[in-house]
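These are the structures in question, set out in turn.
Presented sequentially are two complexes of chain A, the first with chain B as partner and the second with chain C.
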Partner chain A sequence: MKRDIMKEVRYGLRNSRFLILFVSILFLAISAPVMNKVFLPMLMKNQLPGITAETLAQMLDMTQLGSMRGYMGDVFEIGTIIIAFTLCGLLAQEIRDDTLVLPLCSGKRFPAIVGSKLLVFGFFLVLTSVIATLINYLYAGVLFSFDVGVGPVLRSGLLLGFHLLFLLSALVFWGAVIRKPIAAGLLTCATVYGTHIAGSLLKIDSYLPSGLFREAQYFSVVPASSILQTLAITIGFVFLLYGLTLLRLQGLEWNER
Partner chain B sequence: MNDIALTKELVLMLAPLIALQLGMAIYCAVKIFTEGVENLNKWIWLGICLFLNLLGPILFLIIGRRKVPS
Partner chain C sequence: MIRVTNLHKKFNTYHALKGINMTVKKGEIYGFIGRNGAGKSTTMNILAGLSRPTEGQCIVNGKDVSKLRHPSELAIGYLPEDPKFYAWMTARETLDYLGNSGDNPMTKEAINDILDWVSLNKDADRRVGGYSRGMRQRLGIATALIKDPELLILDEPSSALDPEGRSDVLRLITELKQMGKTILFSTHILSDVERVCDTVGIIVDGRLTMQRPLAKVKREMIVPVYDIVLEEPPNPWLLEALRKHPKISHLSSKETVLSVTTSEPEHFSLELMTFFASHRMEVSSFSRRKPDLEDIFLKEVNGK
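Presenting the complex of A and B:
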């Protein structure tokens, strides 16, 4: 397992996957407060000449909290697409190129191969989302004022990270099912956006991974009572998708000689 | 017309974003000339990395970088 983990770390470094993910999420974390402070008010003033400062303040949430919520929205809308298409080849490409045969022939088993992918990239996504959320908090605080404590920010970063872990497990699952990287990326986006829409429409967010994202957006001092339940369900979904991925891989034909 | 005045304060606010974009562009330029490219010409990839804000370097790193045989 240790060797598999090292292999995934090397893959992430050599193909710049870690760099792409970190820079993209960091870019969203820094751009959200700037947009909220400078560009959105300027655009509104240009589009609606004669608008007063009070009306502008009512239309835009020009606070640290508003910027942080904007960042969370950006990560959900844009970050999902970037992560899905950056990591879409994680398993699908290996199946397509038949490179999974090599570790299989050397005695490795699917649980270790898939598990190491989820472990390395999952840990990296959780870490990145916590760091980026903290940077967003600090930059928004410098541009506006600090009106949120650091505790809720850390919690929101972690919840966002666990939501991204669900995205990663869906990506690995679709990669094993479809075996085409771009199609796996598209289906992962559909899964993540689909659970969010279903959760909002049917008001079952607390029973879906999208509930983590919703809770992360609130930055509330006292978390919702259902958050542990949502977290447990999300981890359950991750294990379910991991199990389904293994079942699918065991059902495939491999050219083991 | 949307006219945005480039003040010193605005440049300071944008400094982290400019640094991030510049860093990625330089990193990609080094990769383009040391490792080579795929799918498009070197100079086209360089242009994409320099002029497509953040998206260019990401596109290059995903589909433009020459894959080193393992």
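Presenting the complex of A and C:
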């Protein structure tokens, strides 16, 4: 297991996966407040000449909280796509390229192989999301004013991170099922957006991973009472997808064209 | 060490293996030959526990391959036809990664020794993505050796290697045999088979058409061939008469050139000459040659 973890860390470092993901999420964290402070007002003023500062403020949520919610939305909409396509080869490419053949012959087991991928990239995504959310909080606070405490921000960063962990496990699962990186990326986006839509339409968000994201967006001082349950369900989903991935891999044949 | 009975493999509609029966005995070197697409790699991949037989039984190292839970249970060394590595790892890291799973972890010294064996020490800290085909092949051979297995299944171990590398591989194979290991390897280089193998198996179109000790092949099948060049093309009835000749076991003809083999070499050339003389055929050349494994192979593959 130790060497499987080392392998994934090397993969992340040497193929710039960590860098791409960290920079993209950080970019979203910084661009959201800037958009809110500079670009959107400028755009509105150009489009609607003669608009007053008050109407503008009414139309745009020009606060720290507003920018932070904007950032969360960006991570959900754009970040999902970036993560899905940056990491879509994580398992699918390995199956396609037959790079698992020699590890299998030398005694590597699927639980360790897949587990290390989830551990390394899951940990990285949680960490990145906490850091990026904090930076977003600080930057938006500097541009506007600080109106949220740091506690809810940390909590939101964590919840967002666990939502990304769910995304990651879906990515690995689809990779094992269809063995094509791009298709796995697309299906993962569909899964993440799908659960979100289903969750809000049927009002079952708190039973789905998308509930984490919604809660993360509130930055409320006191979290919803159902949040622990949503977290537990999400982790359940992650384990379920992990198990299904293993089951699928166990049934595959290797080194065939 | 390996016993294969009635092995079939179908890929969707394509029937790649059509009932292979083969036996590899402990301590022997088995040369597995056959033309492109005959089914060598398919067979070896099944023997390595990576893909499953459609029908039939394969016992490898005492284990039934269709009952495996994990390929590594076979405890063999396997070199795939085209070994795939992580391009972003160095050779040393690759061996460290592959060598340290399961019970016997590999020491740094052991990795160095293996790298020396396959002459990769100089390049051991370069990324495998920058390796040439032959260097990857060497690394593949190294990975097959890391667990010091009793049985090795090597799919074209000498392909893509330079002459030195090829003779290194053959030397390695004979050394391994001296250590008591069993080796099954496929190749297209028949002189390699002649140099090191104890047994040859020829696979044609998904069937094992021949499996014999090399010594026996040499004794029984490597019989002289007479090449006769006639002045003008022979008549069909003349060819027919030759075919019916009691001493002629095989005849092939191409325009004015005839190739004849016999099962009774005694006075055979004399009788052949008499035959042509009595039919008033002018002979412009008459020569005798010893065939090699290649002729046997071609004969086998072309269906006699």
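By our rule, the second predicted complex is superposed on the first by the 254 of 257 C-alpha atoms of A that agree within 3 Å, B and C clash if a C-alpha of one lies under 4 Å from a C-alpha of the other, contacts with A are read in each partner's own complex, and residues count from 1 in each chain.
The definition used in the following text is that contacts are C-beta pairs under 8 Å (C-beta built on N, C-alpha and C of every residue); 3 or more make two chains touch, one makes a residue touch a chain.
Just so it is clear, the model here is predicted, and its values are computed rather than measured.
When the two structures are aligned on the shared chain, A:V23 is found in touch with chain B, with no touch to chain C.
Look at A:I82: by the touch rule set out above, it reaches chain B but stays clear of chain C. With both structures placed on the common chain, the touch criterion links A:V34 to chain B but leaves chain C unconnected. When the two complexes are overlaid on their common chain A, residue A:R14 makes contact with chain B and with chain C alike.
By the touch criterion defined above, A:P103 lies against chain C but remains apart from chain B after alignment on the C-alpha atoms of chain A.
Once chain A of one complex is fitted onto chain A of the other, the partner contacts of A:M42 are limited to chain B, with no touch recorded for chain C.
By the touch criterion defined above, A:I182 reaches neither chain B nor chain C.
Within the superposed three-chain model, A:Y139 lies in touch with chain B and out of touch with chain C [touch as defined at top]. Residues 14-15 of chain A contact both chain B in one complex and chain C in the other. Within the complex formed with chain C, the residues of chain A that make contact are 3, 6-7, 10-11, 14-15, 97-99, 101-109, 253-256. Residue ranges of chain A in contact with chain B, taken from their complex: 14-16, 19-20, 23-24, 26-27, 30-31, 34, 37-39, 42-43, 46, 82, 85-86, 139, 143.
Chain C meets chain A in the complex at residues 11, 45, 48, 50-52, 70-72, 76, 78, 80, 82-86, 88-89, 93, 96-102, 140, 143, 146-147.
Against chain A, the residues of chain B that register as touching in their complex are 1-4, 10, 13-14, 16-17, 20, 24, 27, 54, 57-58, 61-62, 65, 68.
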